[in-house]
């Protein structure tokens, strides 16, 4: 277990390519430090906005056959309060990426500037269950380009655009982010979904519908990453349903430069170390380097070709 | 277990609201009859086109964490050969719905006319993995309206439009079908997805990517049906991840006038009878009629309202 | 989803809802209770098939409107619960904090562990589960208004108790009460005291991060709600907690 | 995914691929074998850890290019397999149809059931698993060209066999051969003969419908591949099957 899996990602140096995804345990500096201590190569904060938001009423999460639905509704204390948490998070010794959201370019810029010191910014263009934010802006290529350019304009730090799978054509949105100057795209956010309690007819989430995460969405994420890798020139960060090193390897073969773990990290906060060392053993036993498997699914040959 | 769950659906009289979905076991008259004998309220054929098609190379199906990926690629013997199967299928004694596909209005019409005698037509505007067909046409509202109108124009039988979830706005597509004269919409077809074999880097499907079905997509289907029910005036037929009577009840509460079962019917061809009788017992024990639960999730009240 | 089989008035503001389902759980584990159309909130299991609820706000008031035959959404049990060790334990319960502790006392008693309970409430009628604690061992009571037992706080009872008699201390109650207890017990006892925390719980799955406490980032919903004194000694506990937005608010 | 441990040349056109994985399966069950970049095809398990493949087209030729250390994608086992009953059975194998039958014969033999095998092939060198059948009981051989045993078809051997000696008949081979067998055995025997069918298999999960046979809509991949004679007597069997498009093609 000695193989080097450090990577350079949009100018950041990461000890390994396994990151904490936005919104999972990332609501305080302490919990971000904990993920760093558990072996995450970098950590992404909960999405932060301009003003304190309590989020949607409970229930905000529910379990499905093979995953979770959530409609947290972007609860956050605003960048003013969160700036302190960011400082604490940075004690963790790994890059801290600030996930930010806003209704327009001005808000995005305000939050980015308010969280100066972040090692990178991840633009939440994709949360499927917050009126006026997230996917409400992230389904429009023009807006995506504009918002990305706005944040690029106000910071030297790398800017990642996080995409929603709930569009007809995710590569179109990815290309828009690239045009706006994004240093990387992150795919995917949760898939819109809903569940209903059959004893009462009530939707199980307080917000009625929400976003699906976990193993159910892995095939959807793999396809998105595969397509984005073909279409874009900037790196693709893969997220969606990763719960093991095998899943991470699959995502990397689809073309991911690095992966993020969400739901599964809640279940097992030690997962980062396990996944990273699983990748190392896998590479070792195949005598491969990380770069040998990145995008491998695009290179295989067919008898019919 | 005596409650009446017969329904009128777009003018068809169904003994129960649990239907066989398109493409599952529906490739021959005999297998459609078998589904009818297993208690299906109606059966939908495999999607039929103008010329014989072998479909994609194997592997055409693979199992995922909580569902299946498939890229059959619309194999079918053409309507000329299939007309005979349709006649056999009708011996089953339940309505037989012909699922049809084509690249343009002319082809759709040709197939519909070639399969005269079908009790209804289901337009496949949604198969996510066949170049030039299915979702390639079903993501464009203008085309959807045109194709629906074209088939309506050449038949007196009801026309159902089957929608893909792989769009930014499924209700926009549903409304287009309604404008085109569709008698019902069917939602959802499979969700685009992909899996990669991590030992070799090969995509596990011969077609590289395909459509996700089974329990994984149920929350996605519930949300689509819920939204379509709010937006449309015509009935919504719910399909996606139903494997039990509980799932069927959930789909009906989301607003489905009837449900279709795909993947789970392959696993257990006797499932139709079980689901139908499960619905009956459920209604019985709650002293409800089927109509009491249809769309119930839209009627519940909230303290905050 | 469970049906309410019986509602027991424990005190004017506290009711027990007996469900038609039994949960295999450690004392101290909790469930997420969904009052449809209103809210979903965490509640300790006060029996293997019941929760005991104090009326404090929207969700709990809505529950007080429910009766026999009504349904509650219940998922869980979640969290770790208390770990029983030793031959003699001290239980300190304040208010509705008695809910998870009564079954702990009963389990200890039936396992041959000697139990002493310090039970506190505002007033006599608000004392919860006094009879259950009495059956399980020795019971000392304090009420703020002196209407029963010691007039004052349970922490005053604690100050008069020789802690060297006990292998473990178990407590649940208002955070200020528990913080004071943590100050009273000597440092040497910190690894033998277990405290059950209340924090804002959103998911209960350990995923959303709403309940994390500083400085270790421990999740009350999944790593807790029970922690040893050592884990809490240099933490936010007793100082601040976070509201629904994740903003710090001082523990009053 | 299994690694090929050994490749055995059984005949000039048939090879056994021994895998590093053992499958718990009934004789007659099959696996789906994925030759990456080429195709995925059904293959009976000829041993608990092996498949035996006749080179007939793209996928099988590609497999003949593989050797020790190479990997095959394998999923399964699928289907029902043969049901062993009685004290004395007759096995009739044609060509590569011997693959699922040899382990059936061995299982029968080791269970104390007496086994008689009629084994047929085009020519002497194409006889498959003769030694395995011989070890399991009595073996009678037919070759089309007379290079070994009876000159002619196994069905001719069958016509000379007194079927009243047997509690069950088990067969796998070319459809024409099996159809002739079904004509030879008396109606009273139809419930005691089990035939393993070859149909175009796409999914193997029983979902896609590619393999359904008329008139009952039985799925060869999931309800079969083994059926009793009764199930097949008035079916498409021996008359037609379907190609990849679902079009009927006559059994030649």
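Per-chain residue numbering starts at 1, and chain names A, B, C and D are given in the order in which the chains are listed.
Methods note: contacts are C-beta pairs under 8 Å (C-beta built on N, C-alpha and C of every residue); 3 or more make two chains touch, one makes a residue touch a chain.
Because the structure is a prediction, the values reported are computed rather than measured.
Leaving out only chain D, the chains are still linked to one another by touching in one piece. Among the other chains, D has the CA centre that is most remote from the centre of chain C. Work out the mean CA point of chain A and of chain B, and you get 33 Å between them.
One inter-chain figure worth recording: chain C and chain D are separated by 66 Å, centre to centre, where each centre is the mean of the chain's CA atoms.
With each centre defined as the average position of its C-alpha atoms, the distance from chain B to chain D rounds to 37 Å. Residues of chain C found to touch two or more other chains are 36-37, 39.
Shown for chain B are the residues in touch with two or more other chains, namely 57, 200, 202, 300. Remark: the chains found to touch one another pair up as A-B, A-C, A-D, B-C, B-D. On chain D, the positions that touch chain B within their shared complex are 1, 32, 34, 36-37, 39-41, 71, 73, 75, 202-210, 212-217, 219, 222, 242-248. Within the complex, the chain A residues that touch chain C are 23-35, 46, 52-55, 57-61, 63, 68, 70, 72, 75-78, 81-82, 88, 197, 199-200, 202, 204, 206, 262-263, 265-267, 269.
The touching residues of chain C, when paired with chain B in their complex, are 36-39, 58, 62.
Considering their complex, residues 57, 64-67, 69, 139, 166-168, 191-196, 198, 200-203, 208-209, 212, 215-220, 222-223, 226, 241, 246, 249-250, 253-254, 282, 293, 296-297, 299-300, 304 of chain B touch chain A. By the touch criterion stated above, chain A contacts chain D in their complex at residues 300-303.
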